[in-house]
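Got some structures for you, see below.
In what follows, chain A forms one complex with chain B and a second complex with chain C.
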Partner chain A sequence: MSDTTVKMRDIAKDLLDKGTVHYIIGWEKGRFSNQSPPAFITSAAHADRLIWDEYCLASTAKYLLDDKFPAGKIGIFARGCDARAINRLIQDGQINRENIYIVGICCSGMKDPATGNTADKCQHCTHPNPIVYDILIGDPVPETDKPERFKAIEELEKLSPDEKHAYWSKQFEKCIRCYACRNVCPACNCRECFVDQYRVGWQGKQNNLAENQLFGLTRAYHIADRCIECGECARACPMDLPLMELNRKLIKDINQLFGPYEASLDTETTPPLAKYHLKDLEEFM
Partner chain B sequence: MKTIAKSRINEALAILAKESKLLVPMKVNGISKYAPWGSEGTIQFEEVNTLLPPKDTLFPHTEKMYSYKIANQEITELNIHDDSAPQILFGVRPCDMQSIKCMDDVFLTKSYVDDFYKNKREKLITICIGCTKTAPTCFCDSMGVDPSRHEAADVQMYDLGDSYGIEAQTEAGQTVVNKLQELMEDQAGDPTAVSCTLKVDASGIPAKLSTMFEHPIWKEISRKCIGCGTCTYLCPTCYCFDMETTNNGNEGYRFRCWDSCMFSEYSRMAGGHNPRPSKNERIRNRFLHKLEFFNERYGKNLCVGCGRCIAKCPVNVDITLFIDKLKEVAADEPV
Partner chain C sequence: MDVIEEQQWEPKILAFCCNWCAYSGADLAGLNRMKYPENIRILRVPCSARVNPQFILRAFQKGADGVLVAGCHPGDCHYATGNYYTRRRFQVMKRLLEYSGIDPRRFQAKWVSGAEADKFRATVTKLCEDVKAIGPSRKLGGSK
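Moving on to the complex of A and B:
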């Protein structure tokens, strides 16, 4: 058992025993050794279910939306990506910082359960250490900018418009519209998603390329300057759509148009598309 | 046993494809599914079940039902769509064959016969292949399915190493097998028996569940569910659908498309009330449908043990762990 697991369990026991939190969100082992799904620990007696290993892939933060007005503080284990997701939810006015107790974990990346290699979502991680926490487990992991994460986008940009269309059509033909990408995404926190506004009818229910692309593109645009690059959408997609390529293209464009920006590093900086400056480029006008 | 050498399987497929649309397990665009033989992709006969189940062969993800034209508030044209055509589903696995039996129950029995399904089903020939290996997530033999064969298939094939053993099980199946006579040899062959490594004890579950509607277990197991439709859309037996109309001026069409009981909209009523307001009630409905309601109505589980939901759930909600847990808890006691 790893040191981190031992510390996690000790901290969880302590927080639950003292009543600091009334439950804590972490990870536990699933049926198979390459599964460590999210776990909700409600009493110190169950704290030994908690685990920290290389398969803790799922984000913990999104579950905070299930309990927006908690009876007491919610404890949550958070890595860099989870912490940015928490910032996202706070900045979007979904949760209150006072309602959560964050146990930060410095993370050196997870493995893909199918291959055992570094998970795609972790390969381009720029913030493995939690940005916000109440207490921290582990020593900070070195952080780098990872400009190479835009390499795939640069390759896609070289394609002609027809080639780009063909590439994305081929991807979205596969989409089954299970909405797993939306449901794991911390930036997808609208009280009612446009997809579910059935009386307005933005999103038709047919499964075809047009409807699939409408969904994918609308979602990408809606999270453009709020995407925290956690990669959960692409991980959750059962059809292996390269959704982070879409998100990173928008992030790359935003960086070029409005200056370097990484979403949710704090809860104060207004996302670039949510503010207006007279100096903003207006090339399209 | 009649056999066809694996080296001659393409000749057999060419014969089958002459008169019918022939669907075979293929990897297309990175996704394994049943696709027309000869289309772009790689044939996958040696794998376990496909990622996408074969259910859209009979029950398409989106299906046009009828189209209409209107003039002066009168219907001037009404066409009921029937895109059924002879199809052969080649290399379907026993779990997926069982799922077709479940869908037959739903669409063809107990008072209402669904013509859209019936027309396709009557023109479908199923050629099942017994599994000689299993994935870690396979548990069909715990759900009453024999991984080596399925009695409901028109033709049953067995993987004998260098050849396939072939047995017709229905009249329609015999007709298909007759077409392949020139390729067949007589050969002694003993199909390898295979057993799933993942086992659950599903005995007594329907009766136990019938008393557990308000049990705290639902809250516990649904907590990590993210409410997406991956499990329902990859499930070979989830057959729920929605019907809607696309209207453009004076013409339009009505279609049906897969729906998912995991979505809030699925159970939302006119006026906005939702009897299944949270994932707690939705997961409960899905698992009760799979393991209790369907049993009560049709005498079989609606879970065939294919393992797709276990393999692809983003947060590892696992129906086999749920069944294990059910065994541990008392029906009338808090968890």
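Moving on to the complex of A and C:
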């Protein structure tokens, strides 16, 4: 049992005993050795279920949306990606910082349960240390900007329109429209998602390439300037669509056009597409 | 059969024109009896910022061969700041469309004031020529 696990359990017991939080969200050991799904611990007696190992892949933050008006504080274990996701939800006006107690964990990356290698989402992680927390477990791990995470996008950009079309058609043909990407995404926090608005007719419900592509591109654009690059969408996708290649393309363009921006490092900075500057690049004259 | 269809093919171009500038510009072009391609279908919107990027995707999906978004020049927006948002939005959208395999020439955004009838004519003519040169749109997700 790792040091972090021990600390996690101690902290959880303490918080629940004292009544600081009325439940805490973390991870527990799943049915299989290579799975550690999220766990909701409601009493100190159950705190020993908590675990920290290399398979704690799922983000804890999105669950906060399921309990927007909690009876007491909600405790939550948060790595770098979860902490940014919490900031995302706070900035989007979905949750109150006062309602949550964040136990930050410095994370050195998780493993892909299928291959045992470092998970994709962790390979390109730029902020493994939580940026917002009430108490912190572990020592901060080194952080880098990882500009190489845009390499796949640059490769795709070089293709001709026909080749790009062929590539994305192949990808979106696989989509089964389970909306797992949306459900897991901390930036997808609209009360009613555009794909659920059946009377507006924004989008057809059929599962065909045209509708899948409309869904995929629209979703990517909706979160363009708010994506925190947690990579949860691509991880949750059962059909392995390279969704981060869409999100990172938008992030890359926004950085180039309107200056470097990383979403949700704080809750004050307005995302680039929600503001403007008189001296913005002019292409439409 | 295919040959005949190809000869008869004329592009369908959808133009989102802001009520205050581009639409008046188009109106003025009409009043001045200017000749521009009849492939264009104008859809009047209150402001170019009303054009949700999803409209563009929807247009391509429904079979538009080209899409134009036209609004007031920066600084001239009837609602003061609408077109500044449009500018940011569509500079990003344009690149996403290109990335997803839609020929960049199929989508254009332009600032056309109410007095610039000739600019409207020139923009539409150019867009139409470009789209004719590329051929019919594959649509979104279409095979052709």
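Note that in this section the second predicted complex is superposed on the first by the 283 of 285 C-alpha atoms of A that agree within 3 Å, B and C clash if a C-alpha of one lies under 4 Å from a C-alpha of the other, contacts with A are read in each partner's own complex, and residues count from 1 in each chain.
Going forward, a contact is a pair of C-beta atoms (placed from the backbone, for glycine too) under 8 Å apart; a residue touches a chain by one contact, two chains touch by 3 or more.
For clarity, every value in this text was computed on a predicted model and none was experimentally measured.
In the model built by aligning both structures on chain A, chain B fits alongside chain C without clashing. Of the two partner chains, neither chain B nor chain C is touched by A:71.
Residue contacts after overlaying the shared chain place A:207 against chain B, while chain C stays out of touching range. Of the two partner chains, chain C is the only one that A:157 touches; chain B does not reach it. Figure note: vertex chain A, arms to chain B and chain C, all at CA centres after fitting on chain A; angle 90 degrees, rounded to a multiple of 10. Applying the stated contact rule after C-alpha superposition, one finds that A:258 touches chain C and leaves chain B untouched.
When the two complexes are overlaid on their common chain A, residue A:165 makes contact with chain C while staying clear of chain B. Look at A:40: by the touch rule set out above, it reaches chain B but stays clear of chain C.
Taking all C-alpha atoms of chain B against all those of chain C in the superposed arrangement, the shortest distance found is 10 Å. On chain A, the surface patch touched by chain B in one complex and by chain C in the other comprises residues 208. Residue ranges on chain B touching chain A, taken from their complex, read 29-31, 51-52, 61-62, 136, 198, 223-224, 226-230, 232-234, 242, 244, 246, 255, 257-260, 263-265, 268, 279, 310, 312, 314-318, 320-321.
Chain C makes touch with chain A in their complex at residues 53-54, 57-58, 61, 73-74, 81, 84-85, 87-96, 98-104, 109-111, 138-142.
Interface of chain A with chain B (complex): residues 30-32, 35, 37-40, 58, 62-63, 66, 170, 173-174, 176-180, 182-184, 196, 198, 204-208, 232, 235-236, 238-240. Chain A contributes residues 156-157, 161-169, 172, 194, 202, 208-214, 217-218, 220-221, 224, 246, 249-250, 253-254, 257-258, 272-273, 276-278, 280-285 to its touches with chain C in the complex.
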